[in-house]
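Before any comments, here is the structure.
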Amino acid sequence: MLAAATIAILVVMLLAIIRCIVGPTLYDRILAFNMFGTKSILLISVLGFLMGRPEFLDIALVYALINFISVIGVLRYSDSAEFKVAPYKPHSTKEGEE
Amino acid sequence: MNLVIEIISGLSLLIGCFLCLSGGVGMLRFPDFYTRMHAVSVTDTLGACLVLFGLMLQSPNGLVLIKLILILLCTLFINPSASHALAKAALRNGLLPLEGKPDNQGGNKPSKL
Amino acid sequence: MFLGLYNYWIVVLLMMIGFYIVIAHGNLVKKLVGLTIFQTSVFIFYITVGMVERGSAPIIAEGISDYSNPLPHVLILTAIVVGIATTALGLALVIRIKEAYGCVEEDEIQKQDQLSEDES
Amino acid sequence: MLTGIYGLLSACFFVVLDAVDVAFTEASVGAGISGLLMLAAITITGRKEAPKRHKPFLALFVVLVTGSMLIYGTLDMPYFGDPEAPVHQHVAPRYIHDSMEEVGVPNIVTSVLGSYRAFDTLGEVAVIFTAGIGVLSLLSLPRRRKKIKSEEATEEQMHERHMVVRIVSKALIPFILLFALYVQFHGDFGPGGGFQAGVIFAAAIILYTMLFGLDTAKKVFNPALIQLLAAVGLLLYACVGVVSMLNGANFLDYNVLADDPVSGQHIGILLIELGVGITVASVMLSIFFNFDGRRQAQAEIQAEKQQSEQEQKLKGEQDVSRTL
């Protein structure tokens, strides 16, 4: 059962990587990245059980935290430069959209 | 008793993996960012919970169980809030949802917000 | 017969990707990315060398007799953190170059250097 | 963006290869901080790359030749996972078999890092410290006196926008800090140690900085104090060595730190791991603060420039209308 779970998770990770490379917008990529992170948490926990060394769970926990931090970081930095929105006036663009 | 636990854990692992897979397929096949996000964030959270729950039932000792619960809590908190922040940022930066076709039931209404 | 060597081929592939990025791209940030990839290939090389078949993670526990070689792990563990520190230093240099020259393209910087030399 | 995935992927890879400690480090460094620093640099330097002028055939050729030569070289290497390979014959068996009696720490990686190769690790920490100093001297900004108004507006913006994330993070940050301490002091028994703990600690504070703004974070974590701490960590490490020398042993030989050698080793490893953790955390933090400070300063300059341009434009229009 664990082996099957590992294979399934690996397949999902592959799909996420494809979306990450293809992804038309930046946000698709971040989304795929987030998903990839979650899947690797699962993968590491399952692998730990598969190998009989559950010490690996620490790493999974670190992933869960670091993944969140990097998603937030990407969001913060993408706000200011990637889209050429005037750096510190986000309201103006929003109003322009609506 | 042992067998029952084994079966339950196997089942939850299976369902979790199925959810993850469907999320992955949805991520690849759905037409625009918001639908993809929907596919991913919903299935991801539940799938991860189920897989971790399945592992929890198999855990050999208390420390492992506690760590698994911590991971579960983390995913439960982090995943939705990251998705929320992502969607908000995308909307704010002017990424519009794909609008329904005119002949659809959704009509011409933009699906904003 | 040579299939047992596939780990080295993967390492070489990664290393060459990094190398290519370093040579072919003019953008200094891209060059640093290439260097990072190169670096990771070296990490992977060390770790694969230290791997032992049927070995387990080098944390002593009961009932396990085979462990992987801990020495490469130690070397790489420190190397990763040192690597990020040096990468940060490189990025800092790039930022200063950007402020001084207004760009991070190699050709442009050389051109500007040439110009200022000609003037003086 | 792909750097993050790359870090995660290589960390998974290390897990498969039994290198738990390395995976731990790569997970915290490769996935988190390195990607963030790259992104910060990209936001400063601009995202677009100039089109290439010359064709990359020459580069491709060089790369291919080097690659094929390297692959030719691998033919003599030992097979993957071969227990008879030369690497496993030299000092590794001693580490694996004797470290439990000599050092008394279950995690062999920690005992090698902290005890057998402590001198090497001291050098690495010194390199990190030097890199931190380098970044500081390159990027540190003179202290600004006046507060620019646009900045405050952003703070408000961040608050409005990321309310949910903020609240979740508020709950999460203490947990991350606690976890970093756990990693720091549990490094003897499981995967972990000073390097990883330092990075995780820094990551928590970086999360705080990103959500609450650089200035708030600088009020909470004083940059001068952080720079001081970086030096203190390194000094702590070196002092352990000096103390063991004063007790009549070699530099960084912990056997003499307590009555019996094993507990002496324990004390020594604990102390130097603490030193490593402090140095790594504070160097990473000061690097991040400086990068972010640069970015903010640049954004402010741009905003000011835009404002002045707009004003000039307005003035010009007024002039035109007046002349009309």
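So that you can tell them apart, the chains are marked A, B, C and D in the order they are listed, and the count of residues begins at 1 in each.
Keep this in mind: a contact is a pair of C-beta atoms (placed from the backbone, for glycine too) under 8 Å apart; a residue touches a chain by one contact, two chains touch by 3 or more.
Bear in mind that the values here come from a model prediction, so they are computed numbers and not experimental data.
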Identity of the chain that, by mean CA position, is farthest from subunit C: B
Chain pair, A-D or A-C, that carries the greater number of C-beta contacts: A-D
Gap in Å, rounded to a whole number, between the CA centres of subunit D and subunit A: 20
Distance from the mean Cα position of subunit D to that of subunit B, given in whole angstrom: 30
Where subunit A and subunit C are represented by their mean Cα positions, the distance between them in whole Å: 22
Per-residue multi-chain contacts in subunit A, two or more chains: 30, 53, 55-56, 58, 61, 65, 67-68, 72, 90
Subunit B, residues touching no fewer than two other chains: 74, 78, 81-82, 85, 89, 92
Residues within subunit D bordering two or more other chains: 20, 40, 42, 46, 161, 165, 172, 190-191
Contact pairs between chains, per stated definition: A-B, A-C, A-D, B-D, C-D
Residues on subunit A engaged by subunit B in the complex (per definition of touch): 1-2, 4-5, 8-9, 11-12, 15-16, 18-19, 25, 27-28, 30-32, 34-35, 38-39, 41-42, 45-46, 49, 54, 57-58, 60-61, 64-65, 67-68, 71-72, 75, 78-79, 83, 85, 90, 93-94, 97
Subunit C contact footprint on subunit D (complex, rising order): 3, 6, 10, 13-14, 17-22, 25-26, 29-30, 33-34, 37-38, 40-42, 44-46, 49-50, 52-53, 56, 59-60, 62-64, 66-67, 70-71, 74-75, 77, 79-83, 85, 87-88, 91-92, 95-96, 99-100, 106-109, 112-113, 117, 120-121, 124, 127-128, 131-132, 134-135, 138-139, 189-191, 193, 195, 198-199, 280, 283-284, 287, 290-291, 294
Residues of subunit D defined as touching subunit B within the complex: 161-162, 164-165, 168, 171-172
Sites on subunit C touched by subunit D in the complex: 2, 4-9, 12-13, 15-16, 19-20, 23-30, 32-33, 36-37, 40, 43-44, 47-53, 55-61, 66-74, 76-82, 84-89, 91-96, 98, 103-105, 107-108
Touch list for subunit B against partner subunit D, complex: 74, 77-78, 81-82, 84-85, 88-89, 92
